[in-house]
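As written, the chain order gives the labels A, B and C, with residue 1 at the start of each chain.
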């Protein structure tokens, strides 16, 4: 497959690994946080950590929108399906996330609720057109990559004058999450992260310019990395070089799909349909300011929250859950007392185990047989 | 026996009388099942079939229920799938299948034309395999209580003395072989799923594997394990073997054949080909000294032309299945809890 | 976040849609978020929408750079990584 296979070449990987190993200063620590479920997946699926020297440690940040979705929001989605009898359309990723009272969307479906897995929000719109007598709600999740399609579908619903379609909006923002990680300590210097691997497709939409303020303010290098394993490795090399040279710049490795400004058309559409929430409760991170979007009043008829009067009830995480520390890179999955025992992919307790992109789930599935380095 | 009116095979539908045991049911059985499955045991129309059985060897029996949706898909349908599936289950014990039974649960309102199409497909598959469907059953449930049709097939066969194929026989050092390309069936089904639909030339690989198995056991009687990677894919089979045998496995991604459109469909949907269903492939484990001979026997057979040695059995108390990625690192091939779902992130 | 694939446009369709092709698989997707799409373009596709275009010249440059790194890392074996 063109533009995919070339960036998975094992020979080039070995060469890059050698270069990284040669440029890493022995004994120096390079703690690199990635913010993208796709990167977490690539690192695990291709066994990238095996190809890196011990000095380079990859940390999984809160880049998985399913993991950071609070339990209370899933409860609301389940309530729409079970209590209000809507056709609830969702991406498959959310189906197995455990909510309150041992429920999940999967179990709600098993109990007779009309929950349907869709590949695209367009499929939800099509269902609304096909069933004018039924209420259809699309459960929207995701970072900035997934938000423009939701905006497009709301605009289309408005143009069609649909009366039975709405969106339960849980879109969140990447830079806000990154800032929150840096603000988690008294001073940025105390944060145990040396560099950031910037998300691939989020950046296609928002542009790499969106990170320049962050890099300068917190004095950390950011390299926007493409989606394939060679992209990630090349980006790691670029970060190692920046760290060695004491630079804190935004560099773009994913030049074939990311520009400085990003996709302006998509950004404009998002601004037309959505506005910032003053605060949003992130699972594992707590309340984060200006980190999420809600539907503008002009499109209120398509906003499931106003249409159904959804009230958010916060559900705290398990006391033993270490997700907050893991998401900040302070602790590793193996450091959590309940990892692999009470908390497994089959019975996830916290955010990091919930989706296969979460740090704990990825480690459990792919990495737990390894002996941990440093 | 003559009936007052012929069945309307073009526009007619199944109704509750067809399952009631009366003349309507007899007519359905005669006009549809007996007509297509056509063999002396079934024609005798007794409750069971009285069958000759070879002397020597051990009896193998297997049963499988088929609930696939959609009923008709590129490369097959629920009918041939139900025949192939049970023939394969019998064959995976190293056995030669001899007879099949088929029972149908039909939903009220199910079109007779579709039923005829399915039954004809089953008859073709059984005939091609040389294994007759000798007895069966028909029930009808009320509308809404079935998914059109559910089919359960049971097969019996005989495994020769000296052949001992079982999931707990894998030993460290043994070789792992795969008979061909992964993922064709799963992708063919998914391309028709509501909300996904993509265009692909990929067809289901549904096939009867018993003659391939016969060629394999003839060439390598020391064959240790055989299984077909249906639901859960290659990953499920290897994890099952590892668990049953108390060993680990190490496979190599670069040696596993997957067609490009299957890889592409999996990329599009965020699926891993290792977990996608197959209906005409098998996984075999044999002692290392016999691997070359086994591979040659597989490749000489039409259903094994693309066979490959994909890895080895290793010592491992944890029973992990690991894979060397084409990229050069290692990853686990985990035993997942439920069905693999598409993902967006 | 987030699974997106580069796919080639094989046909433009009505209603701001296009048919894309990847490795022999075809699908109709929305191009409402991207301007000036032509047959032969490569698009980045996520949840049934094109979210951007892939620049073939940049892709070639990235691969060339990776190839050069390969040669630098193992000068004894210059062809190994091409």
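Just so we're on the same page, contacts are C-beta pairs under 8 Å (C-beta built on N, C-alpha and C of every residue); 3 or more make two chains touch, one makes a residue touch a chain.
Every value quoted in this text rests on a predicted model; they were computed, and no experiment measured them.
The chain pair with the larger count of C-beta pairs in contact, out of A-B and A-C, is A-C. The innermost chain, defined by the distance from its C-alpha mean to the mean of all protein C-alpha atoms, is A. Look at where the CA atoms of subunit B average out and do the same for subunit C: the two points lie 37 Å apart. For this pair, subunit A with subunit B, the centres built from the Cα atoms lie 38 Å apart.
One inter-chain figure worth recording: subunit A and subunit C are separated by 22 Å, centre to centre, where each centre is the mean of the chain's CA atoms.
Each of residues 1-3, 5, 22-23, 46-47 in subunit C touches at least two other chains.
Looking at subunit A, one finds that residues 1, 4, 14, 37-38, 64-65, 91, 119-120, 123, 142, 146 touch two or more other chains. Contact with two or more other chains is made by residues 260, 263-264, 267, 343-345 of subunit B. Subunit B contributes residues 194-196, 254, 260, 263-264, 267, 269, 272, 318, 320, 322, 325-332, 334, 336-338, 341-345 to its touches with subunit A in the complex. Of all the residues in subunit C, the ones that touch subunit B in their complex are 1-3, 5, 22-27, 45-47. Within the complex, the subunit B residues that touch subunit C are 197-202, 260-261, 263-265, 267-268, 270, 343-345.
Note for the complex: subunit A touches subunit C at residues 1-4, 6-7, 9, 11-12, 14-16, 18-19, 22, 36-38, 63-65, 91, 119-123, 142-143, 145-146, 148-149, 152, 174, 199-202, 204-205, 226-227, 230-231, 234, 237, 253, 255-258, 263, 265-266, 269. Across the complex, subunit B is touched by residues 1, 4, 8, 10, 13-14, 17, 37-38, 44-51, 64-66, 91-93, 95-96, 116-120, 123, 142, 146, 229, 345-346, 355-357, 364-369 of subunit A.
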